[in-house]
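The structure that follows is given in the form of structure tokens.
Chain IDs A, B, C and D follow the sequence of writing; residue 1 opens each chain.
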Amino acid sequence: MDYTLKEMMAIVAAREIQNSDIVFCGTGISMLAAMAAKNINAPQSVIFFETGAIDSELEDLPLAVGDSRIMYHASSNSGLLDAFATMQNRFTCSHVVGILGAAQIDIYGNLNSTVIGDYHGPDVRFSGSGGACDVASFVSRSIIFMKQEKRKFKKKLDYLTSPGYLDGPAGRKKAGLSEGGPDCVVTDMGMMAFDSESKKMFLRGYYPGIIPEEILQNMEFEIDVTRAEEIKPPSANELSLLREKCDPHRLIL
Amino acid sequence: MDYTLKEMMAIVAAREIQNSDIVFCGTGISMLAAMAAKNINAPQSVIFFETGAIDSELEDLPLAVGDSRIMYHASSNSGLLDAFATMQNRFTCSHVVGILGAAQIDIYGNLNSTVIGDYHGPDVRFSGSGGACDVASFVSRSIIFMKQEKRKFKKKLDYLTSPGYLDGPAGRKKAGLSEGGPDCVVTDMGMMAFDSESKKMFLRGYYPGIIPEEILQNMEFEIDVTRAEEIKPPSANELSLLREKCDPHRLIL
Amino acid sequence: MKVNGYKVKKLDDAVKTYVKDGCHLSIGGFTLNRNPMAAVYEIIRQKIKDLHLYAHSNGQGADELIGAGAVSCLEIAYGGTGKFASTCIRFRKAILEKQIRVEDYSNYQMTLRFLAGSMGVPFLPTRSSLGTDIIKKWGFGPEFREQNLKLPDKKMVELENPFDDWCDTKKVVLVPAINPDVTIIHVQKADYKGNCRIDGLTFADVEQAKAARTLIITCEELLDDDYLKNNPDRNQIPFIHADAVAHIPYGAYPTACYKYYDYDPVFLKQYAEFAKNEGRYQSYLESIYSRKTHTELLDSVGRERLEMIMADKNRGYARKLDRR
Amino acid sequence: MKVNGYKVKKLDDAVKTYVKDGCHLSIGGFTLNRNPMAAVYEIIRQKIKDLHLYAHSNGQGADELIGAGAVSCLEIAYGGTGKFASTCIRFRKAILEKQIRVEDYSNYQMTLRFLAGSMGVPFLPTRSSLGTDIIKKWGFGPEFREQNLKLPDKKMVELENPFDDWCDTKKVVLVPAINPDVTIIHVQKADYKGNCRIDGLTFADVEQAKAARTLIITCEELLDDDYLKNNPDRNQIPFIHADAVAHIPYGAYPTACYKYYDYDPVFLKQYAEFAKNEGRYQSYLESIYSRKTHTELLDSVGRERLEMIMADKNRGYARKLDRR
């Protein structure tokens, strides 16, 4: 069965979500991945938004986390304060999985979504943190979407917007952050995870038709590829649920 | 026209409230004074409660600040957080007048509503601060109800629950509190105010039939009585509105 | 908190499962309104001891727990039930007779402490109580605090404003977060997953609920479907915080439940009388022990009294109730 | 804030009275929802300059104010409008061309800063951003801050937890309070005194409203009586915070207003196109200047487009809207 890379990425991320997870998601493909998990492999998972809606019906795909579509048939509508408190709360935080994207990522999963170049005279400016820094600071796991490009997988970030493992295994603790950190990085070529000891990124899987070498060529830093396996493509069932239930009007796909 | 001391006290306090005031009140006579002001001399004043109700209709007299009677036809029902934030807020605080009571008061208007005797082995225990310390800390003016008794007007408090002017003119500033402080003390014999320079209590007025000397005999500390004048008794209009509109079932009066 | 699942339980099971001897507990409501009284009586019935109780102004519920000897430590802002007991009688007695250790805060401070717990931060700042004995005098001394790992090492801390004079503030008091082992609240409506809808003032219930490791909810109406999702704006507590939901009509009795019933002045006045006398209070406690459920207790009160306190539909309280 | 009185005003008068050159302003809403767009266009029309804008993620409103040259300083968490502009175009351009000074925070930090302002405390704590450049890199340097009395002396401050390791927290970041000169929000219902009822998510509107020295409200429905008092639980902002209330149907257009209308994808897409090109953006601005009121702007959009975005009664948004 034919599928696009976007579909593959959404499904690969969705498979990481479990029934007991509370999924924080942003716009675009991250929202699609959360909806795919709920419709396919984790029907008991709970989707929630930084704007304060939790467990929304999502009959129609929202185009922003401020979209009125997330307010319909939610369990509770509140505001930003409550949403972020849920992620920082000592009891709920361990259940929250964040789905994030960024302009740059380094080997420890730190993210830049602010500037390219000097902060005071940037060459490129992005939207900024939004809730990403908050999510990355608070929650126990995060799933990161990235495009597999050399300029995006950087030895050194131009600006550290959202904390991964900072400078290594002790990084978060030294900085005062809670445990947790990025779980995996889903790209248009494969998927990386983080070594439980060194906290460095390694290649966990590659898409059918891609070889690990290609992935390495599209990164500025070197990662371990010895543990990588080919990732199963989306099944017919996964694809049809994604297309028909999550984004029938192809607003994102 | 006949009136009781309680009626006199409620009316004397009510007269201190103006149309632009937001009146914080507790239970009993303080609630009655706030309702009297609204029904008699300050119809535009706004009554609000630490539990989060603001501008309640008060068709029926509440017997506690948690009484459901304050929830009916309010402008907003929220909770304790919002109520106290309104008093600490830099823009609203200057409009809030608190009405308080206590077990003991000193010459600077500091209040004790916690214990008599040693804090760790008290002879008498009262309810504790509740919101009184918060109100006294935050708001620009407060009206204090006291019984005129020697054991209540103390040279030294057994426990300082709610800040008046602390140890004098610079007291609040040194402690880090905002300006403001107690405005007047209404007792069953008369009314005290605080000198604008020394911040010490002085006698502002005495009820018909009472002489300043009697008031001094019922205080442990000495206050200036030279500025005192006789206080006008409640008018027929004041009394009838108080009795008929505020407490027709005589739950407090 | 339990993310998902069917959370409906019987109240006695929920209390037995989650409220243990020595447990740090907070209860919802304010003075004579929406206290989770059915749960309070169940705790008394199960003779749970040595509770560390966090109260702001939870009048009747706190006083009954203390009166039954269930409480050994108390952090509180206000022990009173308005006109019925300007100082709660068993509360006062327990302090004077040194049956409980007590630590005093203000109402706002207690609320901020629950908010801090719900936000996952160790403290929150306020200007309240600067210059007072609430800062200076500690009911729980440094040693007691050091021995007790569930307590912060300090009652509160004064801090110079690190932003210079920002907001015209030189100094603040930091009050430490509370994360109770268990919070119990009584609400008007809850559903099988634990979504809660509170009518009228929420007091500090929402903060207490979200600050807790375990949340037990009792409710007037239990929805066995997703009806509450039709009005998500009005649901203050989403289900992810909830562990157990018990359907207990009149679960706040003898305190009030806005839109459902008023407080019972007869009960509260009698209680105050009982509380003043040791012998009579023991008989009162025996009567609580002897009634195995809240329904039995309500039966002993009788239909007539319950009808008297029934709320007017429009007003939310019983307008004609004789409260003298 | 104005305690009492009749606060209904015309929008142009309200803006003229309260929004001055150099004013510190915050606007409500989030990305493409409930931005006070009528007020934003009125500010643009009145050619108010040198605004210091506080934004969390107020996408469209912030971008139009920046695009019109009304803003000189910006404190912001996120400059984007979802699918229509993942980074707002005039925002990006203004930063790259150094037309505005900018200071970055996270969304939670901005919200906490408004909450601190509304609570009357100089700061609030969080663990967010520890170890990141959000703490290390300051857009407004110490000198600029020193010269500007309306700014705190520091962007934020790290603090060791003074309660030892309480809540397993070693360190927090303190973020400074914001007290805007003016906050403008758009709500579904408001009354003549300024009581506000927001349907759906409140975003950070309530905190922004209460933090402000002056609050301007625009609303879809204006109640000229005390109708809103029939449901006090649903009124998030009591009148004591309000200064001016203007009745502006479609006042959030082209952003959405839950239960009333959706965002207009045609407008937002066109806007993004205009924003990319200097000449076309100038023409766009001319078209804003040339329409003297929001009604005139809506007339130019036309009835058909407004009907397309009309919200379904049940859903609160326009289900059949073509959003590609």
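The rule is short, and it goes like this: a contact is a pair of C-beta atoms (placed from the backbone, for glycine too) under 8 Å apart; a residue touches a chain by one contact, two chains touch by 3 or more.
Every value quoted in this text rests on a predicted model; they were computed, and no experiment measured them.
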item	value
Of B-D and B-C, pair with higher C-beta contact tally	B-C
Whole-Å gap between the CA centroids of chain B and chain C	27
Centre-of-Cα separation between chain D and chain B, whole angstrom	40
Length of the line joining the C-alpha centres of chain C and chain D, rounded to whole Å	37
Centroid spacing, where centroids are CA-atom means, of chain A and chain B in whole angstrom	56
Residues of chain B touching at least two other chains	53, 71, 77-78, 88, 90, 138
Shared interface positions of chain C, touching two or more other chains	117, 119-121, 126-127, 167, 169, 172, 179, 200, 233
Touch-based graph of the chains, sorted into line, ring, star, complete or other	other
Pairwise chain contacts, counting only pairs that touch as defined	A-C, A-D, B-C, B-D, C-D
For the chain D and chain B complex, residues of the former touching the latter	1, 3-5, 118-121, 179, 193, 195, 210, 212-213, 226, 228-230, 232-233, 235-241
Chain B residues touching chain D - in the complex, by the definition given at the top	19-22, 44, 46, 53-55, 57, 71, 73-78, 85-86, 88-93, 95, 138
Of chain C, residues touching chain B in the complex	29-34, 56-57, 59, 76-84, 86-88, 91-92, 95-96, 98, 104-109, 111-112, 115, 126-134, 137, 139, 158, 167-172, 200-207, 256, 258, 262-263, 311, 315-317, 319, 323-324
Touching residues on chain B, where the partner in the complex is chain C	27-28, 50-53, 59-60, 62-72, 77-81, 84, 88, 90, 114, 119-134, 137-138, 159-163, 166, 171-172, 174-178, 249-252
Parts of chain D lying in touch with chain C, wherever the complex brings them together	117, 120-127, 152-154, 157, 159, 161-164, 166-167, 169, 172, 174, 176-177, 179, 199-200, 233-234
